[in-house]
């Protein structure tokens, strides 16, 4: 059974708890990571949209990676960047039409949402349930 | 210095046009022009489908190739073991001094180039100096510079 | 003509022998590199010119054969009159007329062209009686110097391709491999790995495509055996390779020829074309279902390409950089496919083993080191040249019986074998039998077979420095111990040669050497410190003389020597003044000359031209 | 699955893995300067050598390069024997002679107690340790813009003919993965310079900020089948655009997408 992020912009308050959760979850060697999720202005008053990788069917990030550093994780349904293989060329960062591959200047890594190993922490922490991670019928 | 590179198509035609021919093609170009002109490397890269950087890498890795034009007479001094212990190094020093250039260089008037080569397989007549493919055996410091004349 | 049945091969051989037999005599002129440099071509031209002028009964130009190297390069140009086997040395074009008149038209021998035995001053008439040849046993070099390398019929006439016919018609690939394994033939390229085992491993790898490569790179400076074989008997190399290909199941082969051997390349190319024309190479060899073709691959001057993985990359047109391998190239070689790589001499032994049998071959040589080994005997030895002896022959026999001892009656100091991967052995090791295992045990190695003799005028520190310099310039530069380590070793030897070394430097070099041996990626680095270590081991005194006394006992290291004119002996002939390109010598005619030590570059030109031995080195 | 003993502790590994990967996973501090998972193992720096043996080898030992040695069941591995430490010291000492002023080398050498080279330092040193990572990564990405030239001690890394490299797209992968930061580049305004070649950077259509080079964008859209206009925005602008378009859908639908 596949799971997906369910984003309900009308419920999002832009509180950025998801961002914090993401950063802390991806902390490494005592440094917090850069968030992979951003609640951004939806263009209308008080409308926020949490923007996060949708794990596309035919992802531009994977196609753009010339060293094959991005692999699909069968167990979680996430496309994950292997930091050991990644050479930091920024091709995927430039290629993703949703801007969901990004560069973490602190940890010096190209990053993207990895669904936290199948159970995204951001969804747990969303106080307004604007962001949930649920099984969907395929 | 410009070179007519009209021999290149003929050279390319002699070999299968794939990357494995790179060394053979460069050998033929070197033989024809006595060095590897820059433009020839560019053409080789595109004809054989090899990256230019790889062509350059091969051209600088092997002793047989040179990227600078050679003098009229190429003086190759063997410094193989047999030649060395029979005084090959002294002959090299002397020829270098005589022509005022070091091994690997060419005189300003493009008359002479000196090259050292590690064994040409003529050890029995050491020390050996080859002037434009003519082998001179048992060269001594007394007669080395005479080989450069005539 | 295309041979489609083995029987035709026999007919061809017999036919050619008959045609050749119409000449009452044949003349072979050595056209090896050494003799060519000494004017062998002019000898051939002189024969032609002379025979055009005068008619000789049962003899014409066709009976004058341009052959490969006879081996005795020291005495070239060489001319042999067969069937008597009269051996003429140092022949000049003007001698040809009288050779034809006396030795061909008549049965006279020209005394002055005969070889003089230096031991007793006696003239020796026949090839086989000369000590240089009589102590040899020629298998790999069996045809070199006897046949015309550019004519395939010459090879066929001496039972060439007979082994191939035997293999294709009466043996299975497994039987071939068994025979080679039983013969205990070991790779002649240096390592001495069993050829049969290698072939077996290759055959056992599951693969559709396999390759056979002949290593004709022979990069060791001071070695030219393989060169002579490729130039003088190219077809036997091809035959060995074809048999190997049949045994392991390969369809494509390559011969990797060293760039410095242009003639070898030309001869091989010609041989490939001829054997293809005769149906001995290419599709459906000798009318059977077996097909195999050979491509020539020219090296471009890199010693490291003698290393198997580097060679294979070079064959593929890339930079000859070795790949570290925990999987052997016989399993994963050229283009990652199973590949048999043997050197020239190894392949040349194959047809003989097939024809005469493994048991016969095993009787030659010593246990586990069967057969013979070709060497190039060079350096400060009287009879320089190409030789082949049974394995287990001692150094002493080679140097004194065959080589005739040291030049100018000087004393023997050492012999270097194995090239830059080998070592120097001193007088105490002279009775060492020459075979793979004994040499390795003594701290040297067989290598491809260069044997460089050194006398008391050879400085062993300089020899170590020389080899390190060679290796520094030949290292591919991929791994650190070899690239940086050998460079530092070379710097240290230079320091000692210049008289600035310390005793700690010796220790430092030994320590660094050990790490280079352990740490390097390929054979070049792993064995690179061997020449240094062996000279430190056997000639430590000489190192100490450079360090403690600031003296080079052999008078080689420039910083530690001085040239001086002995006033009492100098006649003032001024020869040295003219010879000195640095203008360091001054003096008046008929008066003793003076060398200015500040200008003198110690090139030794003065001493070389001085007829009165009036210049001494101290 | 294979089981091995590393410094006395059991460790498991997947068939086909190299020893170094396992050592790293087991958090064993083993230096390696020429290794990167994106490219084939190289075996150039020789620092990752380890000692291996097996029960059935009857005391026989072997020193192997862990980055190249495939795992084998029953291997007994030692990573810090006296011999290995001595070897690494020597190698670092040699590195220091080549790169006496390079911080990355100084630091690593200091970890092994080598603070100064005992050999003759080269005159005119630079920071290049010839690990070949730059050229191998460049090859791996399909550009092959730079290569090793010459050989032995005179080996160096350079673009063809030492001129501006025609096959370079200015992706910076070489510079970013250089263990000693030897490869220099500069980004000034909308110009990037590396290997003596100048590149124009794509200008983000919304914010005007620079992104990747035009050449790299062209290459990616051509070879990876990605619409060229994807590259006209920076990731940040892409996110903003995404939020705006999803916001619109949400408003139109009065509620939620999906």
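Order as written gives the chain letters A, B, C and D; numbering starts at 1 within each chain.
Basically, contacts are C-beta pairs under 8 Å (C-beta built on N, C-alpha and C of every residue); 3 or more make two chains touch, one makes a residue touch a chain.
These numbers were taken from a predicted model, which means no experiment stands behind them.
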item: Interface with more contacting C-beta pairs, comparing B-D to A-D; value: A-D
item: Length of the line joining the C-alpha centres of subunit B and subunit D, rounded to whole Å; value: 37
item: Subunit A and subunit D, separation of their C-alpha mean positions in angstrom; value: 25
item: Length of the line joining the C-alpha centres of subunit C and subunit D, rounded to whole Å; value: 44
item: Distance between chain centroids, defined by C-alpha means - subunit A, subunit C (Å); value: 67
item: Residues of subunit D whose C-beta touches two or more other chains; value: 148, 150-151
item: Where subunit B touches two or more other chains, by residue; value: 54, 57, 61
item: For subunit C, residues that touch 2 or more chains besides their own; value: 302, 319, 473-474, 476
item: Topology of the chain contact graph, where touching chains are joined (line, ring, star, complete, other); value: other
item: Residue ranges of subunit D touching subunit B (in the complex, touch as defined); value: 135, 139, 143-151, 158-161, 165-167
item: Residues of subunit C that touch subunit D when the two form their complex; value: 302, 304, 319, 323-326, 472-481, 483-485, 487-488, 491, 508, 511-512, 515, 518-521
item: Footprint of subunit D on subunit B - complex, ascending; value: 38, 41, 51-57, 60-61, 67
item: Partner subunit A, residues of subunit D touching it in the complex; value: 36-39, 137, 140-142, 171-173, 176-177, 202, 211-212, 216-217, 220, 224-227, 230-231, 233-244, 246-248, 250-251, 255-258
item: Sites on subunit C touched by subunit B in the complex; value: 33-34, 36-38, 73-74, 76, 218-224, 227-228, 258-261, 297-303, 314-320, 376, 378-380, 384-386, 416, 419, 450, 452, 454, 458, 463, 466-467, 470, 473-474, 476, 579, 581-582, 601, 603-605, 608-609
